[in-house]
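Residue numbering begins at 1 within each chain, and the chains themselves are lettered A, B, C and D in the order written.
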């Protein structure tokens, strides 16, 4: 089916191109009776917005969200919640140079081939601008979930990587740095590094990690819709993501079973948490822990080899204002997608629970 | 929705517990008019079956698949294809010791909590035995796809890892070794290592990689159902999988954009393939390349700490016949899930193509 | 998506052709912990089975259902429930005469054109034999629903139609007559009429009505998935059905609003029930009441004009053993589909309820 | 799943309350490369809009549709098409009298019970105003379908019913009368009758019929998603609809099989068309013909008995401007829903066709 809907119960459908009139979405399936705090939603959106710091793109979109339905007297009615963010600072002429040329490692070529007709301005639908709609929906999902808490943070930028065990991280430090890395020293190094990379017209990748606390036991639907499979799909659907791992992930493949198994203790908690909070595709009540790999941003302020729509060789070089590293702005997006998955699975789990033992 | 269905068009629903009467499934949406080669399907199943070599479990299930509908005179009719594999060598008494005890890093605890009632024999529904049904459906999908080829192989076991560039691998070597690693020397080392680990009653993890060739340009449905997001979900739904990465994956996060971008050449191919054959969530015609991380098998022939269903401390130790390393038998499962994703996306893409430029 | 799945939560996928090895299905999403009474399920199936009386087809299928998964120690486990009914009395040679000829008002022509390849024996997949799987799933759904009661009955055969107000019908009489009409006098007339029609090698249509009691207020998902829209789709999917109406239905279009509106009384009941228990697509707690129109069976023991697959004119005449009127055997099928809809909607409603006021 | 999405491929999600900021929707899955004629879409909307004639509500909404995405340089891009219709002439104070009182045969009671919190102004989400979004999407679907033609018309109002055989109707006359009945004499009578009913503060029901021509053979997905089951669900989801029948419908139940069967002629056409263009759930190439029953409008300019939210008895009487008969404005809505079904099924059919004989 067409791919612009996420979730089954708390179901988000998004629309909009980077340089069109607006972006936005419809949330269908939000429970009725939820008091909505609009300021908190806008705050989440501000964590993602361009121009927020010295190490992100200097585009100046205000990204104000307006709700159009589904909320009456400040409370959800159970009907679809439509929302919109107007596109204001769209400088479409910055993009006329790529009308006929495919930017390397961008979606220009594949959109052209798939659809035959594309809105090339700012990447159109393939722009990461679309993720603003996800942040709105995720912020709303968090308000429904209340007791569950989501802590995404910058785990690494290039080779600069957090070494602290995840259990010891002080999540209150995440927002203290414009890098969103909760280790202040490392955060400074990352900041310097990103600035250096940008100066060269280059970009760099990184890893966002996320811890979710207070997830009830029992979420996830084996065998195909395992909780971490849903989380994985959600994260891999974010622009620039190339990898996902839960718990011990790729490192865990090097371990022996006797090291890797999480002993179950008397209080139904496990000793270690190599499982990352999910066993057999179902949450086990331990913190859910996963990592998401973001490739270096594809738009460079350097000349690159490519071809044009007429199959001729061409040079392409970024214009306008772009992120040297997507990771700091990706942190709220990872949280938003995590909230969408958890709420969706929770609603699904509740559907049958009443009948069960 | 309940999680036992995979795909939208070529839609597989599976059933069955490890020690029940049978396992099997229904494939709905297979195109009509496909000539089915049953022997090839059985052969794929034999690549997954227990007892096939010295480094896998010694259970002796024959795993014969029987088709019950949807094929008439050897040709698909477009109606549902039901199939069944009888459970023959199920020794249920091997499992009476875990009736009331949760095995660490298994699904015993989470199934008990989610459903309140579980078939504990051999892990019941959470057993990897379920993946035999996926192999059947995947083998059928391959017969529909014909021109697309799938090459999964053992990339690493523990710390023993392939170093060869993926472009240089000779996939005809994969089936030559019981490890399914296409590098004969490395394969021998892996075999020795697995045997050593088993002797200690321990287990070890590993990585399966997969290359898919001849995928048409244009598969994948942005923004949420990106091709690699669908592949990721498919792989993460396989038992014991903890991670997925496409193209450069986690390593790519350490690169600069100027190193990572894939220059587009005159023939619409790219120079490098750090994208792994997918850009903007859509296949670009290059080989699709991804890796899947398998944790060490959780069933050990050693004592482990746990609790029982009455919250009391308990010891648990594997009985019966188990795999010391899941990777060799996982290779055909990875291929099967990849085939299910590619066919599903191809059918979806075809739905709208006729109207398009 | 392929059309062999019904429901979203209590999700039935069926398989099987009339003269294949077996028919059956998989139910995914049945709540765990439900004690299953297999005898009651078989009893429902016996109400549908051929050969049960003098006015139905004399085929002698025993229609025994066998369960293969999802039930452990007599209790559902929350995993998929697979079941199978073997095809025993299939006389395929009775159908060799229609291998190349399209029977009028049958699905032969449309299946051939849609799929290019069909199992012509006994109508293959298009045979009403498939509905036996629906009865199994519906019987299971009834066991989950418990407090809700389903009362389908024969409302009319040809021009012989019940005149009693539905509130006054004694549903305990339904099973007393082989016609399943709860008015004994009318039932006798119907029986005579059906026998007379059969003697001429002809067939006749009729209407099945259904009353559902004790449906909780609040089921149905506006705006597209209104409760009566789901019921309508369910009924229209049954073989030979040409119409569906709820409450006042087509007759209600002739009324004035002042006659038709259902006054709301102090106990939250309505005076009249022209709405048929559904308002705005949501159940209002009153009995749900609807009617389903079945056309005369298309297989006649008379010569009919048609063409063959080579576009040549041909004569066709039914052979074998067929129903002169489908209505008596359709009664349990209508109930089964109603149960599937109500349970599905109930589960969906529960998903969000906990969060709501 | 929440019920505000229709279709699987050409997938419409609608939002908006009658007296909120706006209504609208997102269409996901529209093929790329379709040239969009906005004027024609607006024209369809004008056929549905209030205030268009003397026999409909005198509300004066201009109902201008604005598109926000998915169309670039006048051509669809294959990305989501969002659209909006502002609510302009909403007189919310007309509704303060029903804040706490349930109007009989309206959705007030059921929405209150289901969601606990409702936007009572003008019926909120349950208002037929939502159908304007359907007309937009349907008009777009018609532009994709091109060669298929949709002819809905007023078949009856109260007891005034068309007697002409459907094959003889001149559809060019439908828009000549404000009743949308293609028989000019009958149309005048209907007009008089509706005016008379309105004068008494009463309302009346009626039937809309629809003929669809040039539908390709092969649409519809047995067994559950039969073409007429999908059409039935679509129609039953329209406000005020109580019944649906295809071809011979309820009248056909009174016929003998020998009268009812449609003989197949040499050119693959049938003699009669009691099947209504669908056999075995699949289109057979003949015109598709169905009828939709609309109950009398529930809002009366008369006192009616009801209760309030505190369970006390109350009187309620319509205020504001309402339709005395919904049928003339329902004609374009029926066409729109028909177009959504046919396009969705066509896209689905195309998905697999390429592989088939």
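In the analysis below, a contact is a pair of C-beta atoms (placed from the backbone, for glycine too) under 8 Å apart; a residue touches a chain by one contact, two chains touch by 3 or more.
Which protein is which chain? UniProt says A, B, C, D = Chorismate synthase.
Note that the structure is a prediction, hence the values are computed from the model and not measured.
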Equivalent of B-D within the choices A-C, A-D or C-D, defined by over half of its residue contact pairs recurring:
A-C
The chain pair with the larger count of contacting C-beta pairs, comparing B-C against A-B, is A-B
Rounded to a whole Å, what is the gap between the Cα centroids of chain A and chain C?
46
Using Cα averages as centroids, what's the distance between chain B and chain C in whole Å?
39
Distance between the centres, which are taken as Cα means, of chain B and chain A, whole angstrom
26
Contacts with two or more other chains occur in chain C at residues 1-5, 8-9, 14, 29, 32-33, 78-79, 114-117, 125, 222, 348, 356-357
Interfacial residue positions of chain B with respect to chain C in the complex
1-5, 8-9, 11, 13-17, 20-26, 28-29, 32-33, 68-70, 72, 75-82, 84, 114-119, 124-125
Which positions of chain D touch chain C when the two form their complex?
1-6, 8, 14, 102, 104-107, 109-111, 113-117, 125-126, 130, 156, 158-159, 197, 202-207, 217-218, 220-226, 228-230, 232-234, 236-237, 242-250, 252-266, 268, 270-271, 274-276, 279-284, 291, 293-300, 302, 304-307, 311-313, 348-349, 356-357
Residue ranges of chain B touching chain D (in the complex, touch as defined):
1, 8-9, 29, 31-34, 78-79, 144, 222, 347-348, 350-357
